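Next come two complexes built around chain A: one with chain B, the other with chain C.
Here is the complex of A and B:
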């Protein structure tokens, strides 16, 4: 009885042993890692190579120094001249049209930046996404696709000042009179939030198209095929599968575009009038959009020694607000790009 | 073998689908037409200025003070048959080329070295600081650079770098007060470098690690491996970055109008060191500075001529960039 039991236990032990994975010898690491020669110690470094590395270090450190000095300088000056009350005060008009001078706050420019950025983005987003979808998913005929592609690239390379005076050329035509002030003789002024927003959308457009296309192209083909296999047609696939999947790319492109719009000056100076908010008409929202205004960028420009105002304190404070806005947007882009990448397996 | 109907490569075909394609295509066509319209409009508007001056518009030997010419155009009589169009824009063209080239050449070298530093040599902590900083610098609005330039850098040049003697030496010709193309080019370099760094860093990272490991295993050092393998493979991206930066530099108006002194003067390299602190005014800044005059017909046409030159340069630049990238792509695997 007992022999049987011990026999059984022995067999069980053997069986267990048999199913245990074989034990491998542990890899023998060198006792001290510093005894080994590092790869870069085994190769020759010519003086020229050392110079190259030194130059790279120099450039990197210089970059840090420059950016730190810019940011710290703006921070110090901004906090020195920024007053919280001025943030909520309307500017005082001293010269004939432009808002300048030491008195008053910068509520209007801040609102202007907000309105213009929103408007430009709202115009650019659907058009940009539409073009990107067409280019990436349809793109037929191919010569047209190539033409559209180079057209977008030309817009991306066009100086904003050229866009601005082109906008002035177009929107002073009588047909577009409903978008802006008219002078007594019937001449169209050609300056309003609408007009500036439309031209601003051209700045954001290439960024949105580029980012959306990239996002669409990074979606593997099998995702599309799976959707087709479920009986979805192409446009439903785009709407329900591809666009939700490329949301991150679209958001990144849009935020970059918003930053560019908020930071542009040339279009504002030429197409927005650089005045305090001057609504046109009585309809609540439309009147503001048809009227003229200013943004933080034009406010900084007009208050710098280059503009008529020459009130550097105002310019510094407004520039500080603008910089904070840009840093905020940058941070948002960072958040988008840091989120976990989309769920399909690579 | 053909798949069952509706499941071939183009996806199922339905009328709703075709309508969507048509609409999106129409949208793209409208935007394309708008862009073509922009180019045609600007050129049509600019034509009188070009046709009245012929090649003198571009010629370095045409002479005359461009600011006086602009004033004369602005004050030309109201009668269209007596419009003044005489415009010899060489100082503006020269200033544009000088500032852009200086900034792009210095910026490219600086950006390449900085990108190599970020990718290969920077300690982890430093790298983690540098990457967001580069992105931030790329996003800072140009008017902020202009503000710093006009209030700090120009002042510094005026007070500490330009001696009274050199100011007196050219007193009759041009005022040396710190506002100069040199300051403009310097700040422009700082402005365009981050854009280039971002692109080059991405490209250097995209080079397969195995390529560099192969090089290192053959016994060359890290710098050589980076320089001969990664940088060479990333050449299309470096060209792309330089082209993008050139486009930004060409079109930079506000910052340059703030710091370059706004004098239609062609800096003279024969002046020695003073050359770097001589004032100038590039094309884009000229348009901004004179935007109030757009209501005067011949003056507006002259400004549109400047815009047309900028537009053509930008289009030519993007074409040249495309061509060079295509040529270089033969030597690399990474599609950029």
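Here is the complex of A and C:
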């Protein structure tokens, strides 16, 4: 009876075995602890690697220290000499061509910086966006596109003092006489807000072109096609879809360009005259733009121990104002680029 | 220096460990039984509809259509009718000319500088090359693989095609009925009617795709080309779009390119199988999936390649 039962069990087991797939060894699942090396298995870092990491730390900390010391030093010195009244006072003029002296405020240079930055940006923005749209959306013939690209790169790489001397060369020609003062003999002075603004726009231009182009190229091709598929042509696609979509990039490039214009000295010294605001003619806005002036940068230069004014306390205060202005602009760029943006899957 | 003492943990790779192998399912090659088995899974998928209700009418037709990219043929002389009242699904492996075919129907292929085209495409018996391209593209709308609403509000997206139509820009109030009708037809109005001014790119992927369909419907498209419209969507959004396709099928002709054979079976009345630029088989969905005539179709539908 019992044998019978055990026989039945044996057959059942056999049958089960026969119809079961061959049993493979169970794969061992990787466990975290098993995968990690034990401390005694760890290989020590080579001295060179240690040195490299230490150097990287050192460089990073050094950079923080440098930027912090600039800001703190300018903050201390600037706040020491900064007076609210000076912000709204015209500088005292000792000669007709140079702001000098220890008295007076820096209202004129501040206005100058604002006027010049606005003017330069207003010139650079439409041209820069235009170039970027052409490069990204048309770009034919390709040799011309390559030429335009290298042209923009050359302008971006040219030192501003070179741009300034070139501007002086061009704008002292008789045809540009309407843009600036004329001496008694008819020679063109070649220094005014117009002229400085035109050359300043060249500084901002490559930044605007670069940022706009990158923004346009990050728009997937199927978005353009979706617009064409609704019967739109290229122009309205650019105007209604592509430019609105690259607004952020355009804003970033423009703000970067504004910071560069506000911070440039060479063009101001050579092409703006570095004088107090000296309007030319009587038309309200035009007279200022045709006249000469100065900016915070040239004011700092003139009043530094190296310049003719030699009033370092004025220089520190003006430099502080300029630094704050540029830091503010960089902060604005940060806001633009950090803002969450809605975009397409690629 | 804290980080120097403790190097990062290193993953140990053990060579003689047993690898986890997933065996491919065994195939009984070539037998009719295999085809039946594979197709039965497919054919058991629910159809979205049973029979056509409206009258079937031919809207578009290609004749000897051949397209090449820089001399390399992508479509080789294809004759294909597109009918209103039924859905045409184009299936086939990648790179076999389905999307190129689709893009040629609204002449979007003209945008590719290297593309050359021979043969004729007719819309209501008129050669599309003789039509104004703007007019053609309004009649033949297209929806892309990735949802691509424009970076503007939901309302402006739908109104985009309507604007700049005449010389005068129509006002918001004048566009509102048309925009709402298009959203209604695309089954989106309920979801977005309270926030028409919200940016369209904040909608979910499925809503964005239906918005793209609404955008086409707003300009009164009569043919709708869908290029893998659900491949970037979740199953729920996919089924919403499929139902939308079914509800639109009576009023407009629909062509859908899809890699999902189940989807093709669910929505299509006619199926065109393309392989290496040739139209291998064209016919009723039940016939192409259930009893394909060509061997290549049979292999593809069975999941043998592609």
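Convention: the second predicted complex is superposed on the first by the 296 of 346 C-alpha atoms of A that agree within 3 Å, B and C clash if a C-alpha of one lies under 4 Å from a C-alpha of the other, contacts with A are read in each partner's own complex, and residues count from 1 in each chain.
As a working rule, contacts are C-beta pairs under 8 Å (C-beta built on N, C-alpha and C of every residue); 3 or more make two chains touch, one makes a residue touch a chain.
All figures in this text were calculated on a predicted structure; none of them were measured in a lab.
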item	value
First, second, both or neither for A:199, with chain B first and chain C second	neither
Contacts of A:57 with chain B and chain C, given as first, second, both or neither	both
Partner chain in contact with A:67 - chain B first, chain C second, else both or neither	first
Touching partner for A:159 - first (chain B), second (chain C), both, neither	first
Touched partner set for A:267, first chain B, second chain C, both or neither	neither
Partner chain(s) touched by A:130 [first = chain B, second = chain C, both, neither]	first
Partner, of chain C and chain B, that touches more residues belonging to chain A	B
Which superposed partner A:312 touches (first chain B, second chain C, both, neither)	first
Contacts of A:115 with chain B and chain C, given as first, second, both or neither	neither
Which of chain B and chain C A:226 touches, first, second, both or neither	second
Residues of chain A at both interfaces, chain B in one complex, chain C in the other	42-43, 45, 50, 53, 57, 228-229, 231-233
Chain C-touching residues of chain A, taken from the complex the two chains share	25, 27-28, 34-37, 42-43, 45, 50, 53-54, 57, 220, 222-223, 225-233, 236, 240-241, 244-245, 342-346
Chain B residues touching chain A - in the complex, by the definition given at the top	7, 10-14, 16-17, 20-21, 24-25, 27-29, 31-32, 35-36, 38-39, 41-42, 45, 110, 113-114, 116-118, 120-122, 126, 129-130, 132-137, 139-144, 146-148, 150-152, 190, 193, 197, 216, 219-224, 227, 244, 247, 250-254, 257-258, 284, 287-288, 291, 294, 303-304, 307, 310-311, 314-315, 317-318
Residue ranges of chain A touching chain B (in the complex, touch as defined)	39-40, 42-45, 49-50, 52-53, 55-60, 62-64, 66-67, 70-71, 73-74, 127, 130-131, 133-135, 138, 140, 144-145, 147-148, 150-163, 165-166, 168-170, 205, 224, 228-229, 231-235, 237-238, 256, 259, 262-266, 269-270, 297, 300-301, 304-306, 312, 315-316, 319, 322-323, 326-327, 329-330, 333-334
Residues of chain C touching chain A in the complex	1, 3-4, 7, 9-12, 17-20, 106, 108, 111, 133-138, 141-142, 144-148, 150-152, 160-161, 164, 199, 201-202, 205, 212, 215-216, 219, 232
